[in-house]
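Take a look at this one; I'll ask things after.
Order of writing sets the labels: A, B, C and D. Residues in every chain begin at 1.
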Amino acid sequence: MQQRIKKPKVMIDLIKVSKMYPPKVEALADISITVNKGEILFLTGMSGAGKTSLLRLLCRREKPTKGFVEVAGEDLSKLSSRKIQKMRQNIGIAHQDFKLLPNRTVAQNIAISMEVSYKTPVHIRRRTKKLLSQLGLSNKINTLAGELSRGEQQRVTIARAVANEPELILADEPTGNLDSETTGLVMDLFNECNQKGATIVIATHDESIYKNTSHRIIELSQGYMVKSDDAVWPILSGIDPSQEEHPESIGH
Amino acid sequence: MQQRIKKPKVMIDLIKVSKMYPPKVEALADISITVNKGEILFLTGMSGAGKTSLLRLLCRREKPTKGFVEVAGEDLSKLSSRKIQKMRQNIGIAHQDFKLLPNRTVAQNIAISMEVSYKTPVHIRRRTKKLLSQLGLSNKINTLAGELSRGEQQRVTIARAVANEPELILADEPTGNLDSETTGLVMDLFNECNQKGATIVIATHDESIYKNTSHRIIELSQGYMVKSDDAVWPILSGIDPSQEEHPESIGH
Amino acid sequence: MYFLFTIIKQTTRNFLLTWSSQIFTLLTVGLSVLIFSFFYLVYTNVIDGAQQLGDDLRLTVYLDEQPGKELQEEYRYKIKKFDRVDKIVFVSSKVAYDRFAEQLGDDKDILNDMPQDFLPPAIEVYPIKTLDTLVRIKQFSDYLQTLPGVLKVQYGREWVERFYSFIQLLRIIVILSGSLLILTTTFTVAHTIRLTILGRKKELELLRLLGASSTYIRLPFFLEGALQGLLGSASGIGALYLLYNWMKLRLAGTTMVNLFSFSFFEPPIILAIIILSTVLCASGSFSSTRKFLHI
Amino acid sequence: MYFLFTIIKQTTRNFLLTWSSQIFTLLTVGLSVLIFSFFYLVYTNVIDGAQQLGDDLRLTVYLDEQPGKELQEEYRYKIKKFDRVDKIVFVSSKVAYDRFAEQLGDDKDILNDMPQDFLPPAIEVYPIKTLDTLVRIKQFSDYLQTLPGVLKVQYGREWVERFYSFIQLLRIIVILSGSLLILTTTFTVAHTIRLTILGRKKELELLRLLGASSTYIRLPFFLEGALQGLLGSASGIGALYLLYNWMKLRLAGTTMVNLFSFSFFEPPIILAIIILSTVLCASGSFSSTRKFLHI
């Protein structure tokens, strides 16, 4: 685990991270996770387990109470405001509460994530069209986001998250409002991004999307990691997410 | 199906209802559904199929473009504004986008649905506590709704919907952000309400919650009803939702 | 029925939840009332003050001979018939002579040779200084000219015209400022209330969907608006009163206080301003919620 | 780099999306500038006007004997040394006699027996009517008294005092209104901008999470604020200009126009007002976004 080897390989490194929200809500306790570049990681756990809180730490929406959060080899607590901006342009986030702008069209909502890094209008248009057709929303391109059904909004959120071709994608409950068919479209899109090199962390409670995959699954419970196969994952083996791993189904 | 018999038995009666949104989005087309008092009805269908639109018609958030919507024997398009208020106090809605007030506490958010019908503070407090403990949120009673996790917010929405002991409960994707264990709590609550006489319509894509029930399932696709067992349901048999019905799983 | 209880609880909660907005609205109302009533005060006092400038304003009516007691009464009667006057002074030749002598000062010896009645007797008419009178001063002069035994009527014509114009100008300015201010005030307060309510759009929509009655939704806003109007206007007037006293204190040593009589509003006017603001704010707040009632 | 393009697009989109709020803000800025500049105009013109009321104001210096050419020059020099004056007129005994005769009108025959120089010669000093001079008028009178050969210095003391006080009063009122207005205007505009930005909180937070740079987020607001300040103040001044012309037109027939010289702002002042508003709005808008930068 020398710096030289680690730097290009590890995307996310959480070291003994804890997060307390103001009065005394312990959202995360003593979490250590390493995610390699090109990996897909599923984060599961009951409602309130701390999945969203963990993702928030990764994009520095919150700072950890204890421990270190490193993304792409940089300690987030030490980054300047300018560097954080640059970093966020390289992270695509599908928020659990969508954060769409209801009075902008679908196209504008997706474009916004590319505009912040000053992409050309032509590129933006092409990419938007492609994503929408992949997610089955081609006919909604000029509809206001506020007039979409919830499931359509969720897909727009996902499209916005991946639009800028980020190196890291954080998807928070990306299929909560989607039927199984549409869920398939979304997972295909994620897999495509992953093939192109993106690291993906998906927080979800939807068993169907991780049941039959070979990807790693980490389960949180009340802020603690209860199931992880961290040790099994060969940190130095690089971009090869073909580990065999059978998730246990979560309690019924 | 004479008026005299129908009135006490039928809760919802949709007669050839269509709904077009402004430019020319056909959300619902020619839907006819009858739901008896005390029934639980599952509404399924792909994202954008028109589930939410149908629920919106039932609480008169929208008016149908064509057809009639009758709830508890009253044609909604003919009700006075005062009567609609009364009617809405008797309908509990768990909105798909929650509609919580983020800067009020959980208790206040739940209380609001009882306050509009001027319930006593003592009653409100007791009911709020009971619901929260049933949904596993007792420790969040005085937390601001905006500081909850999405799944917790969803449960608060459900608590608010059933708090006023409504005769009709409309739950729109009530378990989209919940793990299977918490989903169990929610379904138990719905069943309890149903036992006390409430009619419940649940729009969902979560197979697990209707897979093993005996309740009726209606599937929508692009605004049309594609699967319904309306005819099978004995309209005159009253409050006895013990029909045997095996839902087909929706396309994968 | 927990109707009243719930409404009051709702109002209090709104106030507490949005206190920063509330304070801004309060400040807006307060400042607006302050500015407006300040102007109103200026209107009443400056025009008074300007009119005191014209105290010298008089018409001198030169007569051909000294009028007797009876004739004086007749003149008085005729003058008063034309217009209300402040004061009528009969100046005999003797008095005119004395005044002239005094004006000459040390040189008055030169008058020794003159007959004491070489100056004509006169009536000095001091008209009441309302704007109307000022407009009619020329007509007044013409009228006086027609009285029997009048040699000549003299007044500082140019000065009177200029003075009259100035007061007229002041009046136009004050009225114009007043209307502009009312416009701005109403607009600002309406806009502020509108924005504040817009910020609570979500809550209003939710209440509507929960089946809250119009009363339940709107009464708290009405009460809130009324309270804001009441507190805002009261503090505005309070601030004006402090300002007024501070100014009076500062001017205490100068001659101004002696020359002009400043006065604050009478209680009925204060009451009227406060009630008007309260009603305006309450109804503004009330009607702003209208558009949320159709969901 | 599509930097500029994106920023301009963003600004235009904001303007289009929130046009109703924008128009309200524009109106607020416009009305505020209108009110403020109206006041400023009143300040410059009314005080001018009031001073023209005092045109009669002069000090009459009675001399013991008719001064020769040289002595006149010396008087002139000494008077000017004390203070700037508008005009100095030497009135010989002869002229004084003629004036008196004219004043007596038909009765002037009675003067026939008098020597033509029975009235003393005098100097009439018309001081420049700045406020400073008015304060110093008593000192001026005292000074004139000390000049050689002066019998007596006369002026309408009570009137001058009253007049001075009135102008002083006007000045205090105008300054006070001005400060109140500036306060209210700044507050209103700041408040409006704050509320407008608060209404777009969600968008700003999102941009922050998407990694938008501070420039990307704030520049559109800055431009928007500047545009609002520019358009608002320009339309405010435009409205004032219309008002000014309308008033002038309305007063065209009356004597007022001849007596007082109304004037609109000079171009530099207009420019200053517009630039100041633009800078204020731009920086207000800019700094309102600050709190959204730390997410």
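What we mean here is this: contacts are C-beta pairs under 8 Å (C-beta built on N, C-alpha and C of every residue); 3 or more make two chains touch, one makes a residue touch a chain.
What you see is a predicted model; the values in this text were computed from it and never measured.
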{"item": "Partner chains that chain C and chain D have in common", "value": "none"}
{"item": "Centre-of-Cα separation between chain D and chain A, whole angstrom", "value": "64"}
{"item": "Distance between the centres, which are taken as Cα means, of chain C and chain A, whole angstrom", "value": "69"}
{"item": "Chain centre separation in whole Å, for chain B relative to chain A (CA means)", "value": "32"}
{"item": "Touching two or more other chains - residues of chain C", "value": "none"}
{"item": "Residues of chain B touching at least two other chains", "value": "none"}
{"item": "Chain contact topology (line, ring, star, complete or other)", "value": "ring"}
{"item": "Chain-chain contacts as defined at top", "value": "A-B, A-D, B-C, C-D"}
{"item": "In the complex with chain D, residue positions of chain A that touch it", "value": "59, 61, 81-82, 84-91, 93, 95, 99, 101, 103-104, 108, 112-113, 115-121"}
{"item": "Interfacial residue positions of chain D with respect to chain C in the complex", "value": "21, 24, 27-28, 31-32, 34-35, 38-39, 42, 46, 49-50, 52-53, 55-56, 62, 104-107, 110-111, 113-115, 118-120, 151-152, 156, 159, 161-163, 165-166, 168-170, 172-173, 176-177, 180-181, 183-184, 187-188, 191-192, 194-196, 198-199, 243, 247, 254-256, 259-260"}
{"item": "Parts of chain C lying in touch with chain B, wherever the complex brings them together", "value": "1-3, 5-6, 9-10, 13, 17, 202-203, 205-207, 209-214, 216, 293, 295"}
{"item": "Of all residues in chain A, those that touch chain B in their complex", "value": "21, 25, 44-48, 51-53, 96-97, 143, 147-152, 154-155, 173, 176-182, 184, 205, 207, 250-252"}
